[in-house]
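What follows is chain A paired twice: with chain B in the first complex and chain C in the second.
And then the complex of A and B:
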């Protein structure tokens, strides 16, 4: 047998092995446990309800709210401007332009934070950027923005200030009139507000 | 070193150095295969010497098998291997121009550099000519832009278009290549010409 025949046989046998190999998905973008833990410590992947209210009131053009609950729940109630991508369909081809992009800041939310955190971790695992999770979910949204509780008479001025802002946001989102609170302390001199923390990470 | 998983986090400078070494290797391989000889290259078109076909196809199937096996053992991420984007019409026009230049000049772009490196004067003129061509194309790009961009298909792989697994396509291509090598040997016998390299 000459060399050419031997080489041909070698190539064909390697090719046959290649054809028999199972299809395997190897991704070099691995979600490192260390990175994940750091995010959890620094809370960089979270957006608080106050920050979200601020973004919504200011009509931040880079904000995209994504409701990861199913469509029935979405139909009953959803945040203004939110689109519905049920968690099960998150990685469908048609939604990829929404979750794998660099121009918007996506905020996932669900009733609590379980579904939205899963969505956030899935997107991070795939290396998608600019995806955040609403801290506390819709439950926190209702508890803090829609029906804010008065912090009590012993509250610090920061807490009262935050309450006033939440109350104003509540009016903005529900359209209800400002309920005058008889028990509230007399108006305090205006406190310079701290500049709100912008949504962190991504390309901002 | 992009897709190679163990070399994910090396510096850009080292990356370029590795690319340089691979480039040198490519040049040496071309020279070893005798591709600095115009007679050998043009022989492909006349059928008396099919080394070009055999070398490039062997290289392609070797690299293809290498990628498939490296990917299987988890050393390479095929998703981030760059796949050239496919524009149908510019690929056809470019192929015709390249083929014509191949026969007329006796070199293809890569081999012209290996031949120039070993001191062949015609290859140096060939390199100069291709540089002028690149310059003219760059300066008059607006005329060709529409043709260049037409028929865009994106970064597609043949296996994706056929809807088969990469491994099956690899086996298919190896079988096709083996058949072609056999045909090429027949052509070499039929269109045989005496080697006159020593006389000129």
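And then the complex of A and C:
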């Protein structure tokens, strides 16, 4: 009898402490400094210009390009189908359905890789999934896809293959770029990730 | 009988304690960020933490400034900026360096490219360290433009400088 009472008290006390612990989000665990450093070293968040060219040519429906430069630069030129989220506004409420979601693969880009990787790192740290960064940005896109350079007479067959693919991609993008820009419908906001309702009640 | 009960009780308490420890382990993790993502976003868009090669070159012989090379020890031995210290990516958060990062020296981070240095700047600043800067250019750019005194002839362009007039190139290709 006595033991049961003690046991009950112990269970209740552990239970009440557990109930008062800060809530942990399971769906989006925030990353910490060591996790992020490891990710950056492994370069898992980077997408090459060749991979992007494939995705665009195949009209991958899950692709969403996000231009993080300011609206003036975006207005002058942007990749086909890209939306504009200036880096400054990245975490604004109105863009959350785009950056914190599970249905699309976002690729951030800028002129180089600094602005876009800042966007990528901050999103990753907040636990947002499916956000990638175009390695080398528009500069690399133009250097490798739009104006590919012949690898030279000493090139290996792999390099020649890559050059042939890039040359074909170049014709695809420069030949029909004006048409795709006008015809493509503006990207619709993806379905926002459903947030699980937190359990109500407790000691609040 | 009484003893058995006590042993069972003790066992249950220990098991509960262990479960508790596992449940709270992430909350007390060592490498939590000091600053929020929102705060860092404001800093990256307002503050100039990038140093060009020209700006950084002026600080080489200054005792108040230290260059941090985040590449591998092998790369560091091959070439490094004079008086630089080598702290590879995976050792940046080691206890040995906490004191170093908290001293008053201005610290300039560089790596293979601007991108790695900038990413490390972002993470370490968010982690709570101050006085950090990132070199806009990598070790190879440094050799070309600073060691070989090429700064003023060609000029090194930063990572985010547009190397093409994108719209014009696209129009030109259409014809």
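Keep this in mind: the second predicted complex is superposed on the first by the 145 of 204 C-alpha atoms of A that agree within 3 Å, B and C clash if a C-alpha of one lies under 4 Å from a C-alpha of the other, contacts with A are read in each partner's own complex, and residues count from 1 in each chain.
Going forward, a residue touches a chain if its C-beta (ideal position, glycine included) is under 8 Å from a C-beta of that chain, and two chains touch if they have at least 3 such contacts.
All figures in this text were calculated on a predicted structure; none of them were measured in a lab.
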Tell me which partner A:93 touches in the superposition: chain B (first), chain C (second), both or neither.
neither
I want to verify the contact counts: of chain B and chain C, which reaches more residues of chain A?
C
In the superposed arrangement, does A:126 touch chain B (first), chain C (second), both or neither?
second
Tell me which partner A:14 touches in the superposition: chain B (first), chain C (second), both or neither.
both
Return first, second, both or neither, reflecting whether A:149 touches chain B, chain C, both chains, or no partner chain.
neither
For chain A, give the residues common to its interface with chain B and its interface with chain C.
11, 14, 18, 21, 24
In their shared complex, chain C is touched by residues of chain A numbered 3, 6-7, 10-11, 14, 17-18, 21-22, 24, 29, 32-38, 40-41, 73, 76-77, 87-88, 90-91, 110-115, 117-118, 121-122, 125-126, 137-139, 142-143, 146-147, 170, 174-175, 177-178
Chain B residues touching chain A in their complex are 3, 5, 8, 61, 65, 68-69, 71-72, 74, 76-80, 165-168, 170-171, 173-175, 177-178, 181
How about chain C: which of its residues touch chain A in the complex?
5-6, 8-9, 12-13, 16, 20, 23-24, 26-27, 29-33, 37-38, 40-41, 44-45, 50, 89-90, 92-93, 113-116, 118-120, 122-124, 126-127, 136, 158-164, 166-167, 169-170, 173-174
Which residues, counting only chain A, touch chain B once they are in their complex?
4, 8, 11-12, 14-16, 18-21, 23-24, 26-28
